[in-house]
Structure formats: structure tokens, C-alpha cells
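Two complexes are shown next, each including chain A; its partner changes from chain B in the first to chain C in the second.
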Partner chain A sequence: MSAIHPDEATAIGLVRPGRVEGRDPHTIDGTVTSDPTKRPPLVLGNHTFHTVSETICGWIQQKTPPWWMAAFGVSATVAGFGTLMILYLIITGVGVWGLNNPMSWGWAIVNFVWWVGIGHAGTLISAILCLFKQKWRVSINRFAEAMTIFAVICAGTFPGIHVGRVWMAWMLFPIPNSNAIWPNFRSPLLWDVFAVGTYFTVSLLFWYMGMIPDLATLRDRSIKKMNKMVTVGPMWAPHPLPDFVKRATTFQLPMYKVAAWAYGVLALGWRFSSRHWTNYEKAYILLAGVATPLVLSVHSVVSFDFAVSIIPGWHTTIFPPYFVAGAIFSGFAMVLTLLIPARELYPGMKDFVTARTLENMCKIITVTGSMVGFAYITEFFIAWYGGNPYEQGAFIQRAFGQYWWAYFAMMFCNVVSPQVFWLKWCRTTPWFIFIVSIVVNIGMWFERFVIVSSLSNDFMPSSWAYYSPTFVDMMTFVGSLGIFMTLFLLFCRFLPMLAISEVKNVMHAAHAHLHPHDDHHGKGGH
Partner chain B sequence: MSVAPHFELERVFAKENTHTGASLARMGQGLLLIGAIFAAIAVVMGFSGDVERKALTLHALQVGAIVALSFPLGALGFSMILHAVNAGWWVLLRKQFENVFSLFWIGCLFVAGVFALQWIFTSGGGAAAAEHGAEAAHHTSAYLWHWMDPTYTAGDHLYEHKKVFLNLPFFVIRMVAYFVIWGAMVAFFLGQARRQEESGDPQPTVNMGRASCIGLVIFAVTTAFAAYDWMMSLDYHWFSTMFTVWFFASNVVSALALLSLIFVLLKTFGRAQGAITNEHLHDLGKLLFGFTVFWAYISFSQYFLIWYANIPEETMWFNLRRAEWTWLSWALPTCHFIVPFLLLIPKPARRSGMMLGFVAVWIIVVHLLDVFWQIRPQLRAVTHITIVDFLGVLGPACVFGGALMMRIASRPLIPKNDPRQDEALTHKNYV
Partner chain C sequence: MAHHAHEPSAPATAAVMAVFPDVSTVFSAAERCRDEGFTHWDVFAPFPIHGINEAMGLKPSKVSFCMGAGALTGVAFALLLQGWTAAGGIINIPWLNQFSGYDINTAGKPFFAWEQFTPIMFELGVLFGSFGALLGMLMLNKLPRHHHPLMTNEHFLSTSDDGFVIAVEAADPKFDERETASFLKSLGATEVEVVKS
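== the complex of A and B ==
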């Protein structure tokens, strides 16, 4: 079998004898090989097309795992608490935040930029890596795109509630109105509305369109069990329950009918015909092309929020590419933060999300982290070289001023910590990657805080003020994490987490007819 | 490793398929000679002319030198990226990347030559300028790097501040350091490639991949400072953090254009058949398209942020170019972005040798204008293109081109024994 379907044994066999690396099937599955004559398989575990569908759809169609209920309960509670904080803010006013006079932007903009940044990984993985023919992306693209969409939703919340009078937030958009009041078209904040709005729309389309064949698979699988009733009951109570309680609290619901209907509507009449596939592939590549510049444009426009101003420390020309690199950096870290636990929790996910996938993502984290570090150093050097005392002052304040701890947290988390992935052990050990990914997320939050906190030392020393967040500030941020996790857990429960059709495409079996005598694995085109 | 049966390796690697005719070497020699003559005439015109002419010669030669340097630096950087990501599709194209970056020393030598020439021009000229009085020295002096002119920097507070970095000994040390570091990198890659061709060992591929990761870090730092030293410091008052990114983008886009042109020509003359196919051209076309957009993104961001903030210490650099080289300032966004962008959008254009070759030549020419626009306006006294510009810019560029043709002619066109050779041979795009 292994000649056609690459499995674990083949994968380990790829590693040349005498090399210790890649021998342990538990921590490293053998796909991490540096032998240039071989390409490691993308799918492990002797899968056939059928077992791929079974595994991925199984995560949706099995009984709700208890850990999911627990995680969902916690996330939803936190999200609810965050929503309460937002409600309190709306009722009371932005004074409940810690903003003060020079520091008129606080955690809200920090959180906005942080979330938008996180929302970059998904589209990078699905669009840019698609154009670069990086086939390892198929096991994570759906997952990362979902993360992107939820992150952008969280991001959008913050400017929305920061406007103070939330009921006037519609004025962010240039909507004709009887007062002839328009937003300022010269303001980068308006461009943000367009940039983030476009990005969200295209990402959502891309995500949804990519999912249509898989939704059709789920529809068909649900139709097969259409007449099966599902017993819904109090699963948290001690079982077996007394009969009268059972009767009163358990229901027989036609869940498969509901599922067939819901997936059926979403699948838009997909019939797996070759005409459908042709259109699908054309649309996919077109959307990838459209989404690619968007990956760069969104965070470039976000960087304009700062860089078009004449605030020392904000006005520097490297901001656009540096923000984009930072966004990809944090986005990949967040994908890893979610992916590594999911890989442990969902049975069979390791066959698709291999050690090589994690290793590649770690490498991207090191590259983008180093780019960000390069930008920090360039900024510092040019601040000195430019000879502008205000610019220099801003940078000295950053590094040695009252927020020195934020600066050093940023430097350590963003520049130093990703360098551990130069070592093979570090980028192939999931629990270690998980820790570093969280460190990176913290660091990227601090980066935005460092930039924003430049405001607290403005041109007039008499107005300098230290900014401290309030309880509402902090809980709104924590609440946004809750909203994000809630949405994400719902996605994991109800939608195909991996792109079933794309995974099948990169399996060797898909190309067996092309290379009958070939012994490569995981190779071949679409 | 087995190859799909329709590939006859003997035919791909046959001598007549992997070598150009001797005429290419002769043409290369001719071009090199023309370039050398052009550069020599420019130098002679500098010697025979007044201070203004001397400065003109230096500026023009510096443009040529940076152009001659940009192709190898772009090729080196990009091939390190491809090594680092373990790319398989390009391994048969690798030899030409190596040919281009092995000639990095030509540009470096020209920069050093310009520096030496400035020293010769001004070793007696400094006193002469002083005779004319400070006023005259400010308008025209035979300096390319004005911060090296003690008359110019006298009493300049900003120069005093930057003196730690912008001083002659450190400048020379840095210049030597770039040369040595790039030389070491080039020697390493050429050596590993040769080792693989001779022994067939896959290990050099691994070595090159690993070395590229570290090499890219070193490359980023050295090219950044080379861009500051050789371009940005020509107006030492001006600064932009984006400049180093612009330098990278401009190098890569020019190198990709040159390499596309090389492959299109090789295909046209029936060489490297089976090894370099339309599929490879297609990918090169896509990369060329992508980096054209990247160049535009970087250039626009730099311009836009400075324009919007409108701080005089930054805008002066663009104002100078906009006021005195208006036509060029408009030509660049049009010709370096809009035209190639539109031309490369259709898929057939990227796969057709004709169109890709045309766009490649177009981008090489516009790249030359781009570098010209960066450097030449610093000479405020002459705001039109002169015969010296023509000679000084084309001189180093033709020397580089000629040397490259000779190098291509003297070696096999495709590398042998690469472990990923089959991937390159069977490479397909599908979309």
C-alpha cells in the first residue's frame, strides 16, 4: 500500500540512515526531512479519499466532545462579559476608558491593530501561498481563513465603539445624508474603513467559496441519515437520569434534516460536476489574485493611520511593509496557538497537519519576526541619522522612558523569541511552539502599545501624562478574545475545519495515474 | 529518482543544447569594449572639463555603477530566497542566476572607481573651489558625496551630528566590507554549485539552503548600508527608512527582468530545450509582475508618506526631482508600473517569449531611469541629459552586459546533477 499511499513508515523511511532527527513517530512524524532528493508526503496514515472525508466530517458529525462544551462555556461567558463592558461603555461614554489628553488613543486602537494583524495569516496562507504553489497549506488554510474572519470581526468592534456615539457609527461610511456631512476623505481612518471592509468581504467570499464543495459533502452525508433522530438531553447531569426527568428534558430532534437543509442551502446546489469544478478553480485562482494585494494593502493602510501624521516615532516611511510583516508574524502565531491544541484534540488531524506544516509555519514566524526586528533597527538608526531631536527623543522615550518595560517586552517577544526556531528541536516540538506562539502574540500586542504610547509624551512637556488602562479597558480586550474563541469554536463544531477537496487533491492517490512508476510522494499538480 | 519517460535526458544535456555558440562570447567582448570605451570617454571628458563637467561625470558613472550592481545583488538575494525555501522548479535556471551574481564585482569596482575619481578630481580642486569662494563651491563642486567636501560641510550642524557615520575612513572600511562579504557569499554559492556538478552529491543543495538563511540576514544588513552609503548619503541631509526596502525591490525587479530576458533569448536561439520551458517563463513572468507591483508599492508608500506629512526636511528630496526632472518623475510611475502591469496581466503575455522579452527589456531600461532619477538630480547645476550622462550610464552597464555574455558563453547553460532536477524538468503551472 505504501507505494501508492504514503504512510508513516514511508515518511520515516525518507530520512536517511544515521540521522537521529525525524525518527520518533510520536513527536516528529518523519515528514521533517532535509533530504533534497525527497519531498515528504503531505498526508500521512494510509488515507484513501473515503477515509479523508470520514475523518474530517467525523469531527462535525460525531457527538459533541465534552472539552468542546467546556471551552465553549468559558468562551461564551467571557464574550458575554466583554459585551457587558461594551454596553457599559455605550451607556456611560468613552470616559470609562483610561484615555487622557495627550494619549487620546489607547487600548482600543492597540486592540484594533492587533486583531487586524492577526487577521492576515488566513488570506496569506490561502491566497499568497496558493500563488506560490505551497501545497502544505491545504491542511491549514480553511482553519486560518476562519481565524482571519473572526479576528477582523473583533478588530472592527473597537473603532466602532471608540466613536463614542455608537448610533452615529454609520457616519464612518460615506453615506449621503440630509445634513451633507461627509467623512474626511483625506483621513487615513476613513481609508481604514474601506481597506478593512474590502479585506473582510474578499476574505469572507474566499473562505465561503472554498468551502462550497465541502459543504456539499456534508449535505450529502446528512441526507443519507435524514430520517435518523438525534436525542438532545441534559448531558451535564449525572447519568442515568430518573425516568421522569429524562422524559421531561430529552427531545428527539430531526437534526440531520436540519443539517441537510442548512448545508444544502449553503452548498448552492453544488453537484461535483466537472463544469462546477472548472468554474470553482477559476474563481479560486482569481480570488487568490485579488486577495494577494489586499494582504499588503490592509495593514499598509492601518500603518498610514500613524505614518501620515507628523508625530515623532509615528512618521517613518518603512511603516507599511513593516506593519505587513508584523501582521503576518502575529497571524501565524495565532494560527499556531489554535492549531496545536486542535491537532491534539481532534483524532486524526495529525495525519494532515504534519510536523512539516508546523515547521514551515515556524520558519515563516522567524522570517517575519526578523523583518520586524530589521525594521526596528532601521527606525532607530534613521532616527539617529536624521538628526531630528524630536524623533530621537521619541525613540529614547520608547526604550528608556516610562514605558521601557513595554519596549523590552516587545523586543524580547518579537525579535529574540522567534530566533529559537533556528534550532530544529524548537520548531518540531509542538508544546514548545505553542509557548513561543503565545509569546509572539503578546509581543505583537506590545508593539502596537509601544507605538501608540508615544502619544503620552507629546510636544509640550507640561501636558505629558502617564496612561493606565481601566478595568473596562482590560475586560473589553479580554471580552474580544472571548468573542473570537466563541466564533472559532462554533466554526470547529459545524463547518469543515480542513479543506476536504483540497487535501484530496494533494494526496498521492490523486496523481497515481499520472506517474504510474514514480516513487515520489505528495508531489504533482492540481 | 525516475523521470517521466518523455524526457530524454541525453538530449537535454547534450553539448549543443547546453552551450551557446562562440558568437555570443565575441558579441560580449564587443559590448564590453564599447562599455569600457564609453566609460573611458566619460572619464576623459571629466578630466578635460570644468568643475561642473567633473561632477557630471561622477554622477553619471555612479548611476551606471549602481545599475551594474543592482542586477547581481538582486540575483543573489533572490536566489538565496529560492534556496532557503527549497524551491524545486528553478534549479535548472540556477546557473544563470549564478552567472549574474558572480559579476557583482564590476559594479563594486565602478563605485570604487567613482570614489577614486572624485578623490583625483578634488585633491587639487578643493583648493580651486575655495578660491572661487564658498558661494561657488556650494553651487558646483566636483563632488558626488558632498559630505566629503570640507568646504560644503563647514559649519553644517547636521553633518557634525552624522560625522560618526559619514566619515572617510569608515566609509572606505564599509566599502571594503561589502565587497568582502558579498564576495565571500558569491564564492560560497559558486563553489557549492561546482562541487555538486562535479560529484553529483546532493549535500551542496542542503548546504546552500542552510547558508542562504543566514546569508539573507547578512545580505539585508549589507545592502541596506550600501544603499545608504552609495545612494542616500549623496544628499546627506535627507533620510528615509524605506530606502533600503526600495533598494531591495529595485534590485530584484531588475534582476528578474534581466534573467527573463536571458531565458527568453536562450529559448529563441534553441538552447536549453527541455530544460527551460514556457512553464519556467510563465513563473518568471509572474514573479516579474509581482515584483513590479512590489516596487510600485514601496515607491508609492515612500513618496506618499513624505508628501502627506509635508515636512520640509523630507520633501526637499522629492521637490528637487519633481521641479527639475518633472518628465522623469511622471515617466517612472507610468513606465515602471502601469505599463508593465498592464502588459503582464494576460496569461499568454507571461508565457510568450516575445512579450516577456519585450517587457524585460522595457523594465531594464526603466530601471536605469529609476536609478538615474535617484542619483543624478543631486547635481543641481545640470538639469538635462547630456552626452556625458549617456556615456557614463551606459559605460558600466555595457561592461556588465558584455562580461555577462562572455560568462554565459563560457559555461554550460544548465547545471548538472541537481537532486531536484526532475521537478524542474516536469514543472507545470496549470493556471
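== the complex of A and C ==
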């Protein structure tokens, strides 16, 4: 958080404008500019600190919106159906999936890698963008971190149920046992257990630590509401009520008691002390520092699952960077898929999630999409240049073999579609960004499928087989989307979606204007 | 024998608390409090104010040491765990061998393959280091804390929204209820209150 102190250029150079009504062709909502000397405002709409708390806490403390109930009903149903599919799998065995002999890793691993990749955006936004002092991240970091955690939960489910005997999954961890059997630490599959486990835990810590002050804000608001006594009684009761009746019918509303207690426990007694903030900021920047290599390591380790094997098409050194770029690419796409509807549905969210935020994310999508495209071409070139006939055969099978449609879907969605963001209209029109973000997510799923389906054509042509998913395969995947959406909707309902204290910190009013001519411009590298 | 019923003694003064209208006022007030030589005092704000460390004369945070200790523990633990389980049989310590010695020759890889242990050493270093940072932050801040006298004050609760507060505790050697209150008032406070414990 020390990386997001209000920038002097923002604080002094710009007068915070009011909300621009309608769409201005040049600056959209007043935040899009191509002039690098101008820093657009991060918060629109003449907010004060109080209205920021009101807006963000209001989404939690107001009545449940009807659309939320409908969306929650649908996703919880889908999640329940997916859970039934998992139960069926556990009772029956992995034979209910479409796996066959060469293709022993099917949709389960495709879904695992896809979900882990999606889970990269959150910690990237909160850690790497924090180190790079990208202040526009404050309006989306909490949101993206929550998405990360739920995506990793969905990811972790798949290898867990793919082991076949789910009740033996504990053997993934080094637990002392009477047989003295330990996991094989020299296998990338075990590195993966540790990489994904660490990533999940550290993301959760980071998310939670960032949320402590905001939970304290919610606690204090709940306490204020709780302290307002409510008198209940029938409309026809005499006024004023006799004292003994009034005493019996006046009480604190239990829901605010529960809220004050729950947020209070989670806030750990945070009381906004500056001495505490000093340690807090230091811990935050340190966590950002270690989470940065962690983000880059997770998908590298996931790629080792493939790259350390000797399967043609998998055994390549390009996999770690190529997987990481793809992970960031799909993660940002998923954040946009969730953010754009949320921005429309939650009143006032557009003041924080500005057109510039969306534009910046689109630019990252174009950069990482191009990196992924470059990796696809490099792979093909090296397959040819390396002169290994098996490697060449694997790549020709990929592009022109039985799964050519998956390869071309991947090429179109991941390489061609993000290039539209070179056009300003495309990267500033939310509905269009939403469509492209879904296309990118589909493309990234196909990328993982293309890689995994290399197994279909193994070393012996006599054992080659075509893999097609079963109903259970498909419904488990759809079910994981349901689990993800259910968790995400619960987050939107009960936890602060935006980092309240961080948003306040980048506002104009957060800066002490004491010594207009002192060394402020020399401080902090501005 | 005169037996007096135990009467609760009047609550002692815990602190003097002053509410400030904005960041600039609280910032310069903090500088004055620092210069006045108070030691048991604090600034409360809804977000970390830029430069408040210098304004309050705070020393740099020691969280880094907690994190470093955590990270080193994690790396060491990962190395020992992997070395012990994969290559424990080659170190002959009888009473520990009941948990080790499952040395399997996998693809001719060496038992103590430290190169292949590095990913998990890195991961556990990050994991323990992160716990070190979070728990160290909480420990240095003496959190979790169930209750604090200031929290009973309705005005104090505004620090979680838009309030800026300076509180000088009664434990401070320079504390004097009346003088401290008028000092804080002179720094531009809109409201000065005495908080009882």
C-alpha cells in the first residue's frame, strides 16, 4: 500500500471533475487520455471519504437486490448439479469420464490448468501492479483477488477427484504414516501440489490482510446500526407505550448484532492507528514482493507437469513463460467478464471502476495475447527447426489432425481476437470488451485442450485413440463454473468488493497540503 | 467490623482524544505532538496518511525481520523435509529412521537431488514468509485485541469512515488532562473529549 500514496501529479495537477454525463467521444467518462503528461482522476463523481464508505458498504448493507437472488439461485443450482456429478464419479470411478488409454489426462487436467490460469489475475493485480505503482488497480484488486481464490478452489477440485481413489488424496501431502511412504519430491506433479497450495494460501492471506481495515469499517457501521434500539408493537398500540411494555418490546436488531460480531471477529480489533498502519503497509509491500515471483512461479510449475515429461509437443523449454503469459491473459479476461456486469449492476461502481481501468486491462490483454501468439509460432518454428520427426509429427497433428478445430478456435480466440483492442472504440466500449473477454476465456480453454489432447497420438500409432468427453465430463466442468459463481456472488453480498481504505488513499483529499514548495516532488520517486 | 459494600471506583481517565477535520490539520497537529515530546500517543485515520511516519517520528517497521525469519524457516524446513524423506536412508540416525528411509530409485535420479528440491524450497519459503509477515504485523500491533477504551467513543468510530483523531494516553509522562486537552484544541481540533477506561 505504500506504493499507492496519492501521486503528487494527480493530487496537485488535476482538479477532480464531476461525473461526465453521457459518453464523451474523447475521454469517455473523463478518464481516458492519450497524453502521458496528464494523469486522469482515479475516482470520479465528487466523492468524499464518507460517500466512498457509504457507496461501497451500501452494496452490502442495503436490501438484497432481486437480480442477486436470481443469479444466486441459478449458480447454486448449477453448483449443486456439478457436486452430484462429482459424487457420481466418486461412487462409480473415473470410468464415467471419456478417458482412454493414450489420453489418460482429459478434461480434468484441462479444467485444472484453465482455472489456475484464471486465478493469476488477482495476485498479479495486487502484487505486481502494486510494485509498479499502478494506482488504478485499487478499484479492482479486491474483486480480482476474490476471483483468484475461488478460481483456485475450482482448480484444486479437479486433480483431487482425478486421483481415482479420492479417499487416498491425503497421500499428496507429506504426512507421516505407519508405512513410511512419502511422496516423490522429485516429481513435478508434487511440486504442483506445493505451488498451487502455496499460491492459494498466500492469495488468501493477502486478500484477508487487505480486507482487515475494511472489515473494521463494516464492524463500526454495524455497531452504529446495532446501537439504534428498535421498538416493535402493533400499529393500534397506545402511544406513548407504557414503560413496562416499552422495556419489553425495545431491543437491538439481531441481524446487526450478528453482523457486528462477525465483522468484529474478522477485523481482529483493528482501530486505524497510524502506528499500526506503518507495520501494515510494510507487511503489505513485503507480501506484494514475495507474491510477485510466486505468481510467476505457479504457472511455471504447472507447465512443468507437461514440460518435464518426454511426450513430443510437451517437452519444450518455452512452456513456463508461455503458460504464465496465457495465465495472465485469461485471468484478466475473467476479471473483465465479472467486472463489466458488476459495474452496471452496482450503483456508483462506475465512479471507481472508470473507463481508464477497463482500457488498461484491455491493453494488458492485448500484450499477453500477443505473447501467447508469439509462443504458438515459436513452438511451431522450433518443431520444424529442431528436426525431430516426432516433435514435427505432434505439431502437424495438432494443427491439421483430428483436433484441428480446437487448434483453430485457439488461434482465433487467443491471437486474433485480442488485437481488436488496438482500436480505441473497442477498448472503451464495455459491452464489446465483455464479448471479447468471453471469447478469450473460451480460447484459453481450447489452448489447454490442444496441449492435453497431444496425448491422443502417442508413440505407437496402433494405440492412437480419439478422446471425446462424456456427459459427466461436461457437467462437472459446468458445475465448476456454478461453484465459482456461487462463491463470487456470496463475496459480492457480504464482503467489501472494493478496497475502501485504498480507494480513499488515492483520492485528492487524502493528501496533506502543508508545504507547497518543499521537497514533495523529490520524495517517493515521483 | 465495618464492611463496606464494594463500590466500583470511578472509571480512570484512559486518554484525551481530539477530532480533526481533515488530513492537513491532523498532519501538522501530529508534527506538533511529536515536537512536544509525547510518547504514548497515536494518530487514527481511515487510511495510512502519506508521510505520517516522519510527522509522528516513528521508527521503520520491523515486520521485515518477521518475514525474513519465516522465509528462512520455510526454506530450511523444505530442504530438510525433502532430504529426509527422499534420502533419509543414507543418513543413519536409528531413532529417526522409523520415519525415513523410503529411498526409491526413480528414473535413476539421485536420492538427494537438491536441484529438484528447489521448487518446493521456494514455495515453502514464500509460504512461511507470508505467514511471518501477517502474523508479525499482528504481533507488532498487539492484535487481535478484543477491546480498547477508545472504541467505546462514538466519535472515535468515525475514524473508520472519514474521521481523523489524535489520542494522547493517560500513561504518557507528559499527560495532564486539562493541559493536553487545551493543547490539542489549539492544534485545530474540532472536538476534544476525555475517554474513560
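Simple rule for what comes next: the second predicted complex is superposed on the first by the 459 of 526 C-alpha atoms of A that agree within 3 Å, B and C clash if a C-alpha of one lies under 4 Å from a C-alpha of the other, contacts with A are read in each partner's own complex, and residues count from 1 in each chain.
The definition used in the following text is that a contact is a pair of C-beta atoms (placed from the backbone, for glycine too) under 8 Å apart; a residue touches a chain by one contact, two chains touch by 3 or more.
Treat the numbers as computed from the prediction; the structure is a model and nothing was measured.
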Classify the contacts of A:E281 with the two partner chains as first (chain B alone), second (chain C alone), both, or neither.
-> both
For A:W270, select first, second, both or neither according to whether it touches chain B, chain C, the two together, or no partner.
-> second
Touch check for A:T217: first (chain B), second (chain C), both, or neither?
-> second
Could you tell me if A:L296 is touching chain B, chain C, both of them or neither one (first, second, both, neither)?
-> first
Please name the chain, chain B or chain C, that touches the greater number of residues in chain A.
-> C
Does the superposition put A:S501 against chain B (first), chain C (second), both, or neither?
-> second
Is A:N457 touching the first partner chain B, the second partner chain C, both, or neither of them?
-> neither
Common interface positions of chain A, toward chain B and toward chain C = 281, 293, 304, 523
Chain A to chain C touching residues, read off their complex = 1-2, 5-6, 48-50, 53, 174, 176, 180-188, 190-191, 194-195, 197-198, 201-202, 205-206, 208-209, 213, 216-217, 219-221, 223-224, 268-283, 286-287, 290-291, 293-294, 297, 301, 304, 500-502, 504-505, 509-514, 523-524
In the complex, chain B residues that touch chain A | 1-2, 4, 86, 88, 157-158, 161-162, 165, 202, 205-206, 209, 213, 217, 220-221, 224, 228, 239-245, 286, 293, 297-298, 301-302, 304-306, 308-309, 311, 313, 419-420, 423, 428, 430-431
Counting only contacts in the complex, chain C reaches chain A at residues 22-24, 26-28, 30, 42-53, 56, 58, 60-64, 67, 71, 81-82, 85-86, 98-102, 104, 106, 109, 113, 116-117, 119-120, 122-124, 126-127, 129-131, 133-134, 136-138, 140-141, 143-148, 150-151, 154, 156-157, 159-162
In their shared complex, at which residues does chain A touch chain B?
-> 34-37, 39, 131, 281, 285, 293, 296, 300, 304, 307-310, 315-321, 370, 374-375, 378-379, 382, 385-388, 422, 515, 517-519, 523, 525-526
